[in-house]
Amino acid sequence: MMSLFAVLIDGTIYASWLFLVAAGLTVIYGVMRILNMAHGSFYAIGAYAAASLVGWYFNNGVGPVWAGYLLMLGCALVAGLIVGLIIERGLLRFMYGRDEVLMVIITYALLLILEDTMKMIWGVNPYFAYQPYAEMGRSALAGLKVSNYDLMLVGISLVLGLGLWLWLERTHQGKVLRAVIHDREVAMAMGVNVRRMFTLVFVLGTMLGTLAGALTAPAISVVPGMGVEVIVLAFAVVVIGGMGSIEGAAVGALLVGLSRAAAVHYAPEFELFVIYGVMALVLAVRPQGLFGRVLARKI
Amino acid sequence: MRLSKTELILLGVAVLLAAGGVIAPQWLVFLLTMALAKAMVVQGVVMQMRAGLVTFGQGLFFCVGGYAVGMSGHFLNITDLALLLLIGVGAAVLLAMLLGLLMTRYREIFFAMLSLAFSMILYGVLVKSSALGSTDGFNVKAWTLFGWTPASGQAPLALFIIIVACSGLLAVLLHRYSRSSAGMMCEAIRENEVRVEYLGQSPRWVLYMNYVAAAAVSALGGGFMALSAGHIDPEMAYWITSGEFVFIALLGGTAHVAAPFIAAILFAVVRTYAIELVPHSWQMILGFTLLAIIVFLPKGLWSLFTGQARRAKA
Amino acid sequence: MNNSKKSMLKHPLAFAITAAGLALSLSASVQAAENGKFRIGVVTFLSGPAAGPFGEPSANAAKVLVEGLNKGQLPAPYDKIGINGAEIEVVIIDEAGGAAKQVEEFRNLVQRQKVDAVVGYISSGDCLAIAPVAEELGAMTVFYDCGTSQLFKEDKTPQYVFRTSLDAAVDNIGAARYLSKVRPDAQKVAGIQQNYAWGQDSWSDFTHSMEQLMPKAKVVESQMPKVFQGQYGAEISAISVKRPDIIHSSFWGGDMEALVLQANARGLLEDATAVLTCGESAIDRYKDQAPNGMIIGGRGPFGAFAPDNALNRWFKDQYQTAYKTAPTYPASKMAQAILGLKHAAENAKVEPGKIPAPLEIAKAFKGATFESVSGTVKMARADGHQAMQGIAYGEYQYDPASKKGGVQNVIAFSGECVTPPDGTTALDWIKAGFPGAQCN
Amino acid sequence: MNCILETQGLCKEFGAVTAAKDVNVRIHKGEVVGVIGSNGAGKTTFINMVTGYLKPSRGEILFNGQSIIGRTPRAITRAGMARSFQVAQLFPQLSVLDNLLIAVSAAQSPFPSLLAPMRNASRIAQADAILAEFDISRWRDTQVTAVPQGVRKLIDIAMALIGDPQMLLLDEPTSGVSAEEKTALMDTVMRVVAQHQVTVLFVEHDMDVVRRYVSRILAFYSGEVLADGAPEAVLANARVQEFVTGGPNAHKRAAQ
């Protein structure tokens, strides 16, 4: 009973983290049809930016604790804004209209470049910025000790997911975006500035990636290569949910999170396969993912 | 069998290369052996690229080929090179025949992702197998050929000559394949799958054959890699390894059967010097090279030779 | 399309061959000059997650040490300039990319760069793959960190391959012995390991040792998350609900630091004592995020466990000056490997200033006893090719005033106490109840 | 029995939209049937169902007396029913000759050879022959992307004809072609088709074109067959004039 409860809690926490990581990936794919391999690097950049700045802030006792949290979020968003703009304006906009798979390879090249760029900026030594994680303390939920920071992640993830969904479904800009998703040519003909939409969405996706990294940074040690580890996981979540779908990413994250937690508690030896197993299973039954749409070709 | 001019040139190059191996320094012989083994896997990637499918999981068959060779030596005490390679290819073909039933249902990004998933599942299984050394892998036993055991120190050169011979033969076969009905049908599927269906041809059947053939070729590369490096580990199935194969495939382009070989050799040379000269940022160099190729030489290095780059721009 | 293009089109292969030939001749022409220096190829992780905790300290140690050696600044018996009077030149290579690539790079080092010796390798897979190649090429090779027990089981009659680091089984035998002294009444043991060869072997060695040394303790939970996962929420819960007294982990690098942070924040490390076999490598970074009393090891008498001798003082001092931080165990181990090499080369009985041949170095290295930053090292196992040293464990202690972490309650076990004798595998030796072990 | 294609109660719904409603059609051997109807009337859906691209919601399709429901397009093609497309479906990066050679090869065997070259003398002769028939031999070695729209439509039809089908469905053979070229193009198509003795059903918007070649007209409106019969009778039908042709002279007014 206890472990079933623990599975639910652990699964939810892990799922909310997965959703944070996958949200940016799925937003970018949904609108721009770019499966961004460099998304993991955005995550790492966010983590590095937060860890180095927050670490400096607390180690030198610069200011109050709450400001440290703001600093953490702020620097992630700024890093995302800068990186997203540079990449979209400086590289991707020259590539639009190319084959989807070629775009994957372009972002793979980006990944290689960003990995070494990060190494140049931050070196290979681990960064530690545990204060935001440690400061929040812990709660006991039915005898299970849970970090408050992790619970906060669940909240942030919910708010972000809901916000994204509302933005897409309820605002004018969201409607325009959906028009772009539905039919790029028609949207363009209707006077939508698709290029500007692309810039907006790419920067937003990048910022989601860096935000996920920044929020994770306090709980881990930020090391080179962390982005590469994350990207395949995020892919799996997005593919399971249906590429380009926010609801899909949320459901995919929950599915993966809960199955993984269940495996950890009941059958640790299968933990390594759970994610790919779920992915292969979902794809075999629903090739387009749980919330993916099938686009029949007109002839 | 009558050979065309291109095929004669391909075989001629192979003979020259093998002869060159005798006078070349040993490290270069080894580097070329590894590059040719990789080139075979890249051939598998290119075969599928010609059909419009990009695989981020060709490492799967590379790994299966390598492990089948290693395990046959380790557990069955088979040392004969030809038999080992045959087992490796056979294992990959069996697996591909099974997976192909599922894989041929998918296109584009879904194919890429699913191929990646299968490759990562194998990686996971191998990491779990402590009998196979988990992530450490295990050493592959020394090989013999039809009863002949190469003397100590001779094995690398002998293996080089064998792999060059196999590459030459493979190049001729793949050259023929690319011009055969099946090969052209792959291009037709890439261009317009619906039309192929309406010509009375099953695209899935063509892709299935192509998938299995590509797996066989890649497994051969994996087998050679195991024999030349003398060691195998699950890294062979890791997605980064597969990404490297896609990289080399793009570097060479799909226009000619020789392109992957040249690209693989070039890649090996560039990388070994990049690692030596800029050990901290060789990945970045690879990344920029890849971008430059996509932007300036979308059809790969081969277009430099044929002038297609300019035609593509005009 | 003009004519010249058309003629190119006709013979693309000819051009391809020319280009390939050009590339090859270029690469062949670049050869290392024989410059009378003692060239050492140093291979360690410069990229990837192992670079920070292991690779960089190791590479830094090599640089500091070689600089000191070339200036003849080291205390005796290493006060001779360079190696045997010849200046040392270092070629550093990234260990990332898998064993097959490392075999290729190793051949490049030996045959193209003409190094006189190779010192390196953290990954056990790399060591296993390199050993037969080193023997085949007759290249003097010193493994400085990898811990696989398989190494000299595969390479049965080693000639050119030496290992100055300890078998990983030693870490876990040592950990069990330490526990049996400081926590003899512990009942419930849990483990969390990275799911790959290192973690799997460590856990097997540890649990079998515990069966022998603390038969009353029972394993209540074993977790094997993916390496570099970073998030251990579910694993920590799964261990928590079993309420263990001891948590053993062979985690290293960022994974270990993340585990300590997360487990500590969730109170797990207050209820149970963690035993981290690689814990020393982050001793400067835990600060107050690790509980006092957490048991840490340094994979031998290295880093914080290194003895206070002249050599170690010099090394710590130089390292601290150059890199503003104390050397952790990977750094000490790199220094030990290079010192061992120097010792052997200078005892190979060739004229001063001359570089001895690999076979001569190997003969002198075999069974040698040399001084190192970690005290005296005996090449006493695997027919004189494997170092035997003791191991030490201690409890982490944070000093809030100086904001520095240290170790307390250090207990050292002699090499004879924790090292299996030749001719038996570590696991068999453990299962047999450590026959012939001489403990202090 | 000379009925080659028969549909019985064919229905197709896409969600709430009805694209075919109780379509009953009998086509006889040797007929040239024109299908007319405004956009969205269900003409292409009809062809897509008959050729196996879409599965009907209900109903039966008989080809030469045999049900072909649930068969794949390739099986139906192999059974002898070929089609062309509204937008020419070619292999754009390949040459015109290679496009046709692929069609020849596909027609010969469902299991393409792995090593024998596709370009052999007999296949090339066959491809050249059909190119000559359509009078487009001069485009033989050009890449499809460089070929004008009208020629592409002809290649599209040529590829369908290469397998010697018994029946040919042409989906708007003149769409995308300028008004002046339409007649010339249709003349060519119908001349070749006549030589091959194929039953033809074609979808067309231009009533002049339809009137000129067909022996019978099917008029579709909102998924239903509004009228079926001799051209004059169908075009004179009041409902056809109201819903399809938009009055007796509508097409002429539109042209002006």
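A, B, C and D label the chains in the order they appear, each numbered from 1.
Methods note: a contact is a pair of C-beta atoms (placed from the backbone, for glycine too) under 8 Å apart; a residue touches a chain by one contact, two chains touch by 3 or more.
As the structure is a prediction and not an experimental result, all values here were calculated from the model.
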(request) Would you mind naming the chains that touch subunit A and likewise touch subunit D? (result) B
(message) Farthest chain from subunit A, going by the mean of C-alpha atoms per chain?
(response) D
(request) If you tally contacting C-beta pairs, which comes out ahead, A-B or B-C? Let me know. (result) B-C
(request) Indicate, using Cα centroids, the chain positioned nearest the centre of all protein chains shown. (result) B
(message) How many angstrom lie between the centres of subunit A and subunit B, each centre taken as the mean Cα position?
(response) 33
(message) Centroid from C-alpha atoms only, then distance subunit C to subunit D, rounded to Å. What do you get?
(response) 73
(request) Compute the distance, rounded to whole Å, between the mean C-alpha positions of subunit A and subunit C. (result) 35
(request) Check each residue of subunit D and list the ones that touch at least two other chains. (result) 53, 85, 89
(request) Provide the list of subunit A residues touching at least two other chains, using ranges where the numbers run on. (result) 115-116, 119, 269, 272, 299
(request) Could you tell me which residues belong to subunit C and also touch two or more other chains? (result) 46-47, 195
(message) If we count contacts the way the header does, which residues on subunit D are in touch with subunit B in the complex?
(response) 51, 53, 72-74, 77-78, 82-83, 85, 89-94, 98, 101-103, 105-107, 109-119, 159-160, 163
(message) Under the definition above, what is the set of subunit C residues touching subunit B in their complex?
(response) 1, 5, 8-9, 12-17, 19-20, 23-24, 27-28, 30-31, 46-47, 91-94, 98-100, 103-105, 107-108, 110-113, 123-125, 128-129, 131-133, 136, 148, 150, 154, 195-198, 200-201, 227
(request) Quick one: which bits of subunit A touch subunit B in the complex? Just the residue numbers, please. (result) 35, 91, 94-95, 100-102, 104-106, 108-113, 115-117, 119-120, 228, 232, 235-236, 239, 243, 269, 272-273, 276-277, 279-280, 283-284, 287-288, 297, 299
(request) Give every residue of subunit B touching subunit D within the complex, in rising order. (result) 173, 176-177, 179-185, 187-188, 191-192, 194-202, 205-206, 209, 213
(message) Quick check: in the complex, which residue numbers of subunit C touch subunit A?
(response) 46-49, 51-53, 55-56, 195, 222-226, 228-231, 233-235, 237-238, 240-241, 253-255, 257-258, 261-262, 265-268, 282, 285, 289
